[in-house]
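Alright, structures below, take your time with them.
Heads up, the next two complexes both have chain A, just with different partners, chain B and then chain C.
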Partner chain A sequence: MSERRSAAAADRLPVLKTHKVYVGGKFPRSESGRFDRALTPDGTPIANICRCSRKDVRDAVTAARAAQAGWAARTAYNRGQILYRIAEMLEGRSGQFEALLAAGGTAPDETAAEVQAATDRLLHYAGWTDKFQQVFSSVNPVATSHFNFSILEPMGVVGVLAPESPLLGLVSSIAPAIAGGNTTVVLVTGSQPLPATTFGEVLNSSDVPGGVVNMLTGRRDEMLAPLAAHRDVDALLLCSPDPDVARSAEIEAVHNLKRVAVRPHEDWTDIQSPYEITDLQEVKTTWHPIGS
Partner chain B sequence: MQSSTATASFESPPIDAVGVEERVARLCSRSIKKDAKLRALHLTLSMIDLTTLEGADSEGKVRQLCAKALQLHAALPDLPHVAAVCVYPALVGVARRALEGSGINVASVATSFPAGQAPIEIKLLEVQKAVEAGADEVDMVISRGRFLAGDFTYTADEIASVKEACGEAHLKVILETGELGTLDAVRRASDLAMRSGADFIKTSTGKIKPAATMPVVLVMLEAIRDHYLRTGEKIGMKPAGGISTAKDAIRHLVMVRETLGQDWLDPDLYRFGASSLANDVLRQIVKQRSGIYQSFDDFSM
Partner chain C sequence: MTKSTQAAEPETPKLRFGGHDGWGYAPAPESTDHVELRDRYGLFIDGEFVDAKDGRTFETANPATEEKIADVALASDADVDRAVAAARRAYDNVWSKLAPRERGKYVYRIARVLQERSRELAITESLDGGKPIRESRDVDIPLAAAHFFYYAGWADKLDYAFPGRGARPLGVAGQVIPWNFPLLMAAWKIAPAIAAGNTVVLKPAETTPLTALKLAEIIRDAGVPPGVVNIVTGAGETGAAVVQHEDVDKVAFTGSTEVGKLIRRALAGSGKHYTLELGGKAANLVFEDAAVDQAVEGIVNGIFFNQGHVCCAGSRLLVQESVADEVIAKLKDRMETLIVGNPLDKNTDIGAINSRAQLDKIEEYLEIGEAEGAEPFQTSCPVPERGYWCRPTLFLHASQSHRVVQEEIFGPVLAVQTFRTVDEGIAMANNTPYGLSGGVWSDKGAKAFRVTSRIRAGVLWANTYNKFDPTAPFGGYKESGIGREGGLAGLHAYLQPEAAA
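Let's look at the complex of A and B:
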């Protein structure tokens, strides 16, 4: 009996999942219709992934822009709840993520720690959503009869060039951006995209409104320039150790004077701090006249 | 009122709704790129009736809209101007003064827009007042209640008397296709309007959904074509309501070109009634010229 079963298993054609992209709370294919094979380090195909085009970038920015005002209008407390919810859902699917990381080449004894670190990172920023404003806002002493204060506001739509680190790096770049009320268009790493596309499924079941996180897979050299130049993108978070990549994106970013933050880290284990949030915030200072 | 006897003696052909859907789907699959797209975008701008029809419209709002019509985008001085500015009768004078000498027409809705539920005397007086205040074009609504009840003679007479009240002004007849129910009714109303003196037939008021859907527009275009083949008279077409993207507009142009031919690709015979379409077209033109995706923040209201 068991022999027959294993013979059948050997004959069976494997079903390669097509990992679709996550845009506007939906899972469309690339508008271009193109796809690539995702491979293990030894070259075995394990899935199909969409090779997105600049038009997918355009659509993702439209979705991010549409979601931005509503996301920023949520209470900070509610954004914290939702980030915590993402952590809960990620924890629940930790086995799947460990398997994906192992298939992508992470050492088997490190996968569990990586998924836990990613979950803890979400908790970290879930806690900061309703606290960074108190820490970084200020009432400013001025010499005139004004009540003068500075508060932080989200930049708006943030383009993210995600780190090579397929899960911890990805989470560490997205979480601080959305914790502060931004929406994101994320260009996922080409070397190991499967944890990211699966993380899209986690986001979709975590009360994250559609359009807050949009993730595109494919060849990032054809998507980065249109994203960096797009006039409806307000800031860029460039997680790349290659100074030429960051530089070329910064040149495209001058069209509308985007804020550019560069993160050259390769190891994301210790990259968590409220400054990751404030780097994607704009300071608004108000002068309010008062009687003398 | 001779038209009543004339209208009683014709039958509109029945419409094959499935065939219309298929034809529309095929026309919508055309891909218009590069230079052809840029030309289509410019043509679209020149066909727009920039419209504001809100209860909250003020003189300031209309002056602002006219300023936008006169200069669509400061960074692109070589653009064509829009065809007309469309307002309520009470604001025609304001628009007239703001657009004097620009070549942009002033259009006014009338006949108790958008419902059309007023005595005929009042409707005619409204038309007369709009024309006196300087409207070049009048957009009337038909009495859908009477039309749906089968009182075609009343509808024909109504259109004919409004046409008479218009004098020199062009008459656009709004069928409000969203309330007509079937494509057969749309075809009949189109034929009725054209035979009763309409210079343009127009889909909708913009107050009712669905408005200018592609199948409805195709049926109206075919009615215009048949009218032209029968009488040699070129009637204009104006889809209005729900066309907010450049992509939609280009699809409409493809449909017009394929149904009526090159002659109708002209602001004298084809218009878009829209408020937000112009900015999307501008955005696409700048994208097409610069290669960079644009933000709505860069375009004035």
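Let's look at the complex of A and C:
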């Protein structure tokens, strides 16, 4: 970061942050011990980040699976409050995220708007947690004497190939997944990973149970295939404009017939709707006899 | 002591039905003289019946007699090309321009004619596929008509399909259906597709093409514009040509998980829409507080309905240990009353296995189950000499890792396991790659709601089983498929939400 370069001139030596990944509510390094450099747009190194491995992907899936039933069992009200809490924490750290975005190349006059949009997006999905079920489930008027209804249930563990958009895109992909009771394993963008590693700290101070969001940094081309093929992952959210990336992940996903949603958008400003939630939900129909 | 030992004590004389010990039913065959079947059937393309371009045909036979019924045209890639081109023209020029209300009227007409010709269709279904006439008459055909009637009404209401969004059809749908519910599956595929404004190319199963071709006659007679519905008959290659056709916008497949994965793979990266209704291995959980006699009826209906050729069949019985002896004793008694035989006889409970190939597969699993160490039980009812038959079968003391517990058999074969606690029962129910359906038997309402909410499957029946309705979405979790059919969710499968304003 800029502090690193100005260190020599300062009265005191700044304390630099180690950027670690966020898995199971903890901040481990990659089991592989490997690293990559996070760079500014002109190629200047600003931090070391973990270059996660296939094993890190598997560990993250284990954490996501362990958290899923409990997260889905939280009341919709509670999930809504927790998403709201994430927005509160993000708002409080807006200056830090603006600096991170600027360091990664976002135009200085756009960073504040980006952080605000990400915060407002969390608020939007916080409000949906206890409403989408009402809008999208149904009581079905079957022609026999049964009480028949269809409700939405979370798909389970969702593998997320996060958008390049380092904060708004990241938040826009994670929030609808967890709002609906899924847990996530997120492969964050390699071009600007620092907002994501710091967003892990926001999540960790927002009452989000460990394992609900797991974020890995590194080279996505070596992590995506094992994530897409993993039999304990139920769905993929592929945020990539590259059709070849989506296609190869879709082929890996066939092993256990993962549900796949593709989001090719590069601009995430307007990608906000309850259909982002329902695309990661299953429909369950239940029949109960009516009688004595 | 457990209830089971108390119940087992008095040795009551058992009633035996089925004709082999004096409590027989007189034969009650359905009359077939009013059913017209042709010797030869063509493909239905662009509103006309035509031969395959290369003139090839295949035979469809009656599995209860092994006798040929008719020669049916075998569609090649060239015929599928013709059908898809006809569907595209009809979509571009006619169907997408028609007023929604008028589109709905055509679909209503199909529903009405299906009702008018219902008995003929039921008999044809039983002749061609082997299912008992009671089921084709009371389940398959009425539900098929109901499906068209339900979706007809959606045609002019698509603005209500996606809250906050408009909706538009997808274009041409390529659809492939199985042999277990031939006309009903055709209805599940065609009705929502055309009501939503799509056109279709449908490939029926090679062992059961006849009711789909009769449906083609009905669609023609209803005045549906040529090319809106095209039906191409053939085997796997024809189906592959339909689902892989470049100019198909949406693929809908019902069949095995194995083929479903091949289709899904072929669609990767295409951006095409798809729905897959695949295999199942549903658990029917009987708890100690269940009404046992009702549960036994539910178990029988769950696995022996349609010879067990049902993707959502309750093919695993999980029974709580404290009532296991009682439930299994009563189940065996009830099974002994089941009549296997002539599908056209109104007394028949279990008809013919659909084909030689399917019977071979079932018999292979009977050997596997025994070799793995499960204890087989088969009833003693007589079966006809000709035709394909399988007596109702149990595998007792099956283990979770047994192939007869993990794999779909698609026949009248029930794997039986026991459990002690509610959590154990749920864990066992969820421990297969499938997630299509499940059953729960308990007189405690709160428990029934809790258990159904924890089973990872798309359709749950509490104190009932194998119920279907056009308004009720149907489809699987996990490897049982992707997407839903029936209800509003089934309409979504044929629509695209428009971008927000």
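In the analysis below, the second predicted complex is superposed on the first by the 275 of 292 C-alpha atoms of A that agree within 3 Å, B and C clash if a C-alpha of one lies under 4 Å from a C-alpha of the other, contacts with A are read in each partner's own complex, and residues count from 1 in each chain.
Throughout what follows, contacts are C-beta pairs under 8 Å (C-beta built on N, C-alpha and C of every residue); 3 or more make two chains touch, one makes a residue touch a chain.
Model, not experiment: these values are computed from the prediction.
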item: First, second, both or neither for A:290, with chain B first and chain C second; value: neither
item: Touched partner set for A:61, first chain B, second chain C, both or neither; value: first
item: Chain A residues touched by each partner, larger count belonging to chain B or chain C; value: C
item: Touched partner set for A:256, first chain B, second chain C, both or neither; value: both
item: Partner chain in contact with A:13 - chain B first, chain C second, else both or neither; value: neither
item: First, second, both or neither for A:229, with chain B first and chain C second; value: first
item: On chain A, positions contacted by chain B and by chain C; value: 256
item: Interfacial residue positions of chain A with respect to chain C in the complex; value: 135-136, 138, 140-144, 146, 148, 150, 156, 234, 243-244, 246-248, 250-251, 253-254, 256-257, 259, 262, 270, 273-275, 282-289
item: Chain B-facing residues of chain A, complex; value: 57-58, 61, 226, 229-232, 255-256
item: Residue ranges of chain C in contact with chain A within the complex; value: 146, 162-165, 257, 260-261, 264-265, 268-269, 271, 276, 278, 433, 448, 452, 456-464, 467, 469, 471-475, 477-479, 481-482, 484, 486-489, 497, 500
item: In the complex, chain B residues that touch chain A; value: 291-298
